[in-house]
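See the structures that follow.
Shared between the two complexes below is subunit A, which pairs with subunit B and subunit C, respectively.
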Partner chain A sequence: MNMEHYPILAIISLFLGAFLVALFGRLNKVLRNLIVAAAVTIPLCLMIALIAPVMIGGQVIGYWMGNWAPVGPWAIGIGLEVDALSLFFGLVVTIAVFVSGLYSFTYMNRDDSLENYYTLFLMLSGSLLGLVLTGDLFNIFVMIEIMTMTAVALTAFRVDYEGALEGALKYMVVGSIGSTSVLVGIAMLYSQLHTLNMAQIAAALPDHQNLVTVGAFAFLFLGFSTKAFLFPFHPLAADAHAVAPASISLMISGVITKCGVYGIIRLAYILYQNINEPAVSILITGFGAVSCFICVTMAFNQHDFKRLLAFHSISQVGYVITAVGLGTALGLSAGLYHAMNHTLFKGLLFLCAGAVQYATGSLDLGRLGGLAKKMPKTCALFLIGAASISGLPPFNGFFSKWMIYQASFEKGLDTGNFFYIVVCVVCLLSSVLTLASFVKVAQSVFFGQLQPQFENTKEVPLTMRIPMWILAVLCILTGVLPWEVLQKLVGPAAAAALNAAGYIQGMLGSGAAAGAGAQAAFSMEIGFWGPVSWLCLLLIVSCAVCLVAVLGTAEQKSPEERHEMDRRAGRTAAFTRDGFADAGRILKPAEKEGHYRNPVLSGTTLTFTGEKDPKYENFFSGEESEYSQVGGGDLFWGFKTNWRHYFQGMRRWHSGVINDYTRYGIVALAFVLLYACLFL
Partner chain B sequence: MQILIQLFHILVFPGLLFDVAMGVLLMGLNNKLVARMQNRVGPPILQPWYDFLKCCGKETIIPARAKRAVFLGSPYLGFVLLISVSMFIPFAGFIPVTMGSDLVVILYLLTFVSVCEILGAASSGSPFAGVGLSREMVAMISYELPFVLVILTVARAVGADQPSGAVFSLEGILAYQEMNGPLLFSPAAIPAAIAMLFVIPCETGMHPFDIAEAETEICEGMLAEYSGTPLAMYRLTHMVKVYTMSSLFVAMFLGNRFTGIVPVDILIGILLCIAVMFISAALPHAVCARLKVEQVFHFYWTVVTGFALAGLLLVWAGV
Partner chain C sequence: MILVNYAASFFLIALGLYCMAVKKNLIKILIGMGLCDYGTNLLVVSVGFNPGGTAPIFTAGEIHPGMFFVDPVPQALTLTSIVIGACTTAMVLGLIIRIKAKYGTLDSTEIRRLRG
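The block that comes next holds the complex of A and B.
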């Protein structure tokens, strides 16, 4: 079969799967699952098959639906155009869809009317894939509409879940600001250029810059940033992510936000090619940095596992947008790399949250605790995800964040603009704040004290852990082999985004390759990082330390022997193993009153269950549980008290009222329009 | 032969063994100096080493609700990571591994070391450890901002005449200092150096900033449940961290090759590390009482960040 049919087949298989599930899903559970499995696997295989020609061969695959080839320079029909950038996002989408589909089989098995779930899920996946592969601007709008509506329906899929309908309603109303603004932008462009084909628009736009096209840029930018849930749309994401099923949270945070990112890249790099104008760069980077910082501080206050993750995903998308806005080859590569990494690690974390919810039925950070003993495998997976998102070397988050710092610092030095230095510092600071809030999650979900009601918690089944392991292995691989990933996947995608002429050529010209195997040219001479050699070094040192430890402990007497010696010497056994084990057990709050009872603990419990201290109260962060263990609710009050005025402001900002959120959206739209008209 | 030399560099000098020896020496001297300043006799200089050995001889008790693997593994992982960080920092012209050393990588690896300690504490399940780790995290947020600013300042100050505009590599920084004299002597770098001197005690959890370990308030916090060899590993990590941070300061601001004669350079390097330790750790230890959690945060985000920011602005303006 010819290569150029692959993209459309990938999209068709998802949509066809949706219709088949709707038709036959009710009949037989196995048949339904088979259809879903086939529908999510085929696109992944097709996308992987396209890596060789598109990423390495540098081909641009154009496909005209119904063979409506362009007449002269005029493209009438709908075309698909797959360059390396589209394929990169296509891969991200299909991997996430595949993993999410696999995970759903077990995770959703306690819900009913699953044929609706899978129909919507496949529709959502198909629209996402269609969005990144299409070459037609209006088609993008259609896909955004399908995406938003199915995502809204899936958010409210567990209607009985508290806040599900409310979250979905907010998503729909505020999300429609974004969709409308995309539509208005497209209409304005169409009125000026009389075409909807992106390649043709890209070819014509540089000669047709006027106030209307600038306005269209503002509308489209705001529309795509709504889809990426950037500031000021972030409260929306938190309300929607937290109530959706975990497999859908993965899709919303991992992929839908990426479609917003994709839209912004296409808009600024290919259509308008104006990313190198300082005003555009500052606008995009500024939005990114503000989202990055505000969302990470908001995450500090959350009591709900998934709400916390939702804020973090906007924070990470903020990183991506910041990097994309820099406009340099290094910045764009960093942004694309981080976009991919974010899908991997945030997907993993959402699936972990789903596993915790599946096993315990709760996502309350104040109530959970000590699950590491009950769910050790999920705990290990969570730690991998948390290390990745916090940017600990050698996991993947580190490499992409490191590229982002370098890119922003370098941009600051090149342009002499102190703004980019501030952005760099904000990014570095957000990283440690991210780490802090994942320490909070680790402490209050997996470590700390196990509550009595979770005593019977069981590890989730293997069918749920396999999808998580896929993501975890990918997290490690992309972290340990960053230069290879950069060369094979990210580099070509960045080069394609920087090569607008190639995109136009690919669709309207001969369709053949422009610049085979192109790499985005940038130098990384200001920094060094070799994960593999570092790991070797670590291995050598570990071996040495282990050797010393083994030799050192060999001469020691075992505790039993020492115990025996103590006993023979007639010494008291108060400080032997038994004595301490007793002391350890006393710390359990559930234990009966005894004369060992530790008064300090009861003191702490009182403090944390007693009346609230308004100074440290968590305001705008969802339900607070009655009992909060030490380290659960208020882990970072040293930080929070110093920032109480900021958090007071944030509390007022996140009112939860849909009117307010709509107003922020409209104010943001007005701001972007004004900015665009003044400075572009 | 090449491999053997490499192994010698990694394991003996200036790697593992040397790090441990320097850590013990610095910590012992710190105790002694503080004692002398407080008009006490003080312990012998090798006391930290004796403590370490004694701890190793004690049995290891694992609390009933601890997660065993994490509880026992994280002290070792933290120590090994820290040793690997110290390999990135050239000492007296010696670079244990020739893979390049990037200041941002060092920053992140140091964070990872603290994270290991936090993970171990979290896995012990003790409420004291819970309070301790939250304080450690706040301390980390506190010093990270000035630390980042200092790194950017140094990178810019050194790389101003380079084509890339910034040098994050320690080798590059050292080469620059060899050409132009220590960075500390250029006026723009002085505020950054002062900020860095404040970062060291908080990063290593030395006395006025040891909110995470406050024995009198929260029973040693993160270490509350530890005993035996893992505790000894934590203590050792702590000592080596003091050395790593001092030698990082020396490498960043004072340079590495002073005379070109290797033994003399090593001696000067050691003396400079002791001097940095004295100024940044021993003096505040002897003078100040322990700060409160929010005071630490406030101090670092206003005073120390102020110094660091002033340094960055001076360098930016090209002073």
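The block that comes next holds the complex of A and C.
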């Protein structure tokens, strides 16, 4: 069969699967599962078959639906266009869909009306694949809408799960800002260029820059960043992930966000080709870096396993967008590489969370603990995922994060713009916080004390572990063979994104690409690690850390020193929750007179002369953590106390009210529009 | 005057966003989403308008030189967008019915179990 039919067949097989499941799924369980298995396997095979001609051969596959070939320079019909960038994301989508489908067979077997689940799931998968393979702008909008609708329905699939409806409603309402933005952007572009074909737009757009196309850029950028759940929209992702089934969390975090990333890359690199303008680069990188940092700190406060993972997910997407916004070949490669890695390791982590939920029925980090003894295999898989996301060598996160640091730092050196150095430091800091956060998760879920109610927990069945192992093996493979991945997959995809002329020619034939920017020279300069610049960076970071350490200890030490001095002077001190209070101070009754024995009241002054009450000792007292001097189960109590004003502000900010989230979205829209009008 | 259409469409979108941001009742939020949709549809269909153009239907024998159509593509887009908008409305209404049954309220400030 001709190669050019593969993309449409891949999309059709998913949608056809959805209809077949809707028709016959009710009749027979085995038949239903067979249809689903076939529907998720065929696209994966087709995408893998396309690797050789597209990735290695550098071919661009164009397909005109109904054979409506273009007349002259005008594209009439709807086209599918698969260049290396589309195929890269197509591979990511199909792998995630395959794994998620396989996992669902066992994971969802306790739910009923599963034919609805699989119908929606296959429609979601089909829309995602269609989104990345299409060459038509309006098709992208339609696919985004199918994606949103099915993702919302799947989020609320377990309607009785606490908060499922609420998460779905927020996703739908606030997400509609993004959909509206995309459509408005498309309408504005159409009014200027009178075409919807992306290749034709890319050919015409550089000569038609005016205020309307700039506005369209702002609308489209905001629409795609809504779908990627970037910064002001990240609460949606957290709400949706926390309540969706784990297999759908994998899809939302691994693929839906990637489609937003794909849209942004397509928009800035191919359609507008304006990524090299400093204003665009700073806009995209800034959005990425802010998401990266805010979400990783938000993850510290979470008590729900999957909600925590959701915030990390957006933090990692922030990394990807940061790298994509740099606009250099290295930056784009780093972004694509990290996007792929993120799908693999975050998918693995979500599936681990799903396994924990399947085995124990709980996702509460405060209640779980010690599961390593009961679920050793899941624990091993989780550790692989956690090491990957934290960027420990030799797992895949290490390599891609390294490339992101290097790319942002080099961009800073090249342009002399301090902004990129700050971005680089923010990325490094977020990586440290990610590691810290996963130490906490591992401790509170798999290690530590086993709660009595989980005494009978059993390891999840093999059919659930196989999909997890697929992802884990891919995590390790892409980590130990980075050069292969870079040359075979990431490199060609990045080269395709930087080569707008090739994209136009692939669709409309040569000669149509005259107006497009010159083909950017793509060189594989990755691997030139620039030891000197790394040393500089290390020094800067070390200095920053020293500065923080010195300033931090100065604040921290003083009460202890004071206490020490008090002790030497024979005075007594009251030991309260906030630290050491001054002896002789008037204490309120609420300040736990029981902390020390023998309270003595002389005048208005309450002092304690006795021994410390063992009831209030750290760790062993058995008291509620509320009354303990350090937060009992919390590894990072000190960090969180020092940052409590920030965390309190953030908690207020993530209020959970739809209107607030909508307001953030509107403010972001206004900001992007204003920014685009002023600087582009 | 086509400019009126553009102004009206952006006014409708702004009004819809205002509803979504300010109104506490979920049904009113849904109406806000609808207003956004209608504004967008108006914008899309206005984009394809040619003053003096006829309906974009080929009828042999009626075509004569100097005759021109309005752009048919935005009309098709608008139709698609209307259908999608209807689906969105149905979906949100369905969710609202379930939420009313579960939470016993339609006040968006009370539906905030997921937060922080």
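To be clear about the criterion, the second predicted complex is superposed on the first by the 556 of 680 C-alpha atoms of A that agree within 3 Å, B and C clash if a C-alpha of one lies under 4 Å from a C-alpha of the other, contacts with A are read in each partner's own complex, and residues count from 1 in each chain.
Assume a residue touches a chain if its C-beta (ideal position, glycine included) is under 8 Å from a C-beta of that chain, and two chains touch if they have at least 3 such contacts.
Here the structure is a predicted model, which means the values were calculated and not measured.
**Student:** Just checking: does A:Ile35 make contact with subunit B only, subunit C only, both, or neither of them? Give me first, second, both or neither.
**Tutor:** It touches nothing on subunit B or subunit C.
**Student:** Pick one for A:Thr180: touches subunit B only (first), subunit C only (second), both, or neither.
**Tutor:** second
**Student:** Which partner, subunit B or subunit C, touches the larger number of subunit A residues?
**Tutor:** Touched residues of subunit A are more numerous for B.
**Student:** Once the shared chain is lined up, is A:Ser655 touching subunit B (first), subunit C (second), both, or neither of them?
**Tutor:** Only subunit C; A:Ser655 stays clear of subunit B.
**Student:** Mind working out whether A:Leu165 is in touch with subunit B, subunit C, both or neither, as first, second, both or neither?
**Tutor:** Only subunit C; A:Leu165 stays clear of subunit B.
**Student:** Quick one: is A:Ile666 in contact with subunit B, with subunit C, with both, or with neither? Answer first, second, both or neither.
**Tutor:** second
**Student:** Have a look at where A:Val290 lands relative to subunit B and subunit C in the superposition and call it first, second, both or neither.
**Tutor:** In the superposition, A:Val290 touches no partner, neither subunit B nor subunit C.
**Student:** Enumerate the residues of subunit A that count as touching subunit B in its complex and touching subunit C in the other.
**Tutor:** Overlap of subunit B and subunit C footprints on subunit A: empty.
**Student:** Over in the complex, which subunit A residues touch subunit B? Could you list them?
**Tutor:** Residues of subunit A touching subunit B: 370, 372-373, 376, 379, 383, 387, 390-393, 398, 402, 405-406, 409-410, 413-414, 418, 421, 424-425, 428-429, 432-433, 435-436, 439-440, 442-443, 446-450, 523, 525-530, 533-534, 537-538, 540-542, 544-546, 549, 552-553, 556, 559, 562, 577, 580-581, 584-585, 587-588, 601, 604, 629-631, 635-639, 641-642.
**Student:** Which subunit A residues qualify as touching subunit C in the complex?
**Tutor:** Result: residues 138, 142, 145, 149, 152-153, 156, 159, 162-163, 165-170, 172-173, 176-177, 180, 183-184, 186-188, 190-191, 194, 196, 238-239, 242-243, 301-302, 307, 651, 654-659, 662-663, 666 of subunit A touch subunit C.
**Student:** In their shared complex, at which residues does subunit C touch subunit A?
**Tutor:** 13, 17, 20-24, 26, 29-30, 33, 36-37, 40, 43-44, 47, 71, 73-74, 77, 80-81, 84, 87-88, 91-92, 95-96, 98-99, 102-103, 108-109, 111-116
**Student:** For subunit B, which residues are in contact with subunit A within the complex?
**Tutor:** 7, 10-11, 15-16, 56-57, 59, 61, 63-65, 67, 69-70, 76, 79-81, 83-84, 87, 97, 99-102, 104-105, 108-109, 111-112, 115, 118-119, 122-127, 130-131, 133-135, 137-138, 140-141, 144-145, 148-149, 152, 155-156, 159, 164-169, 211, 225, 227, 229, 293-294, 296-298, 301, 312, 316
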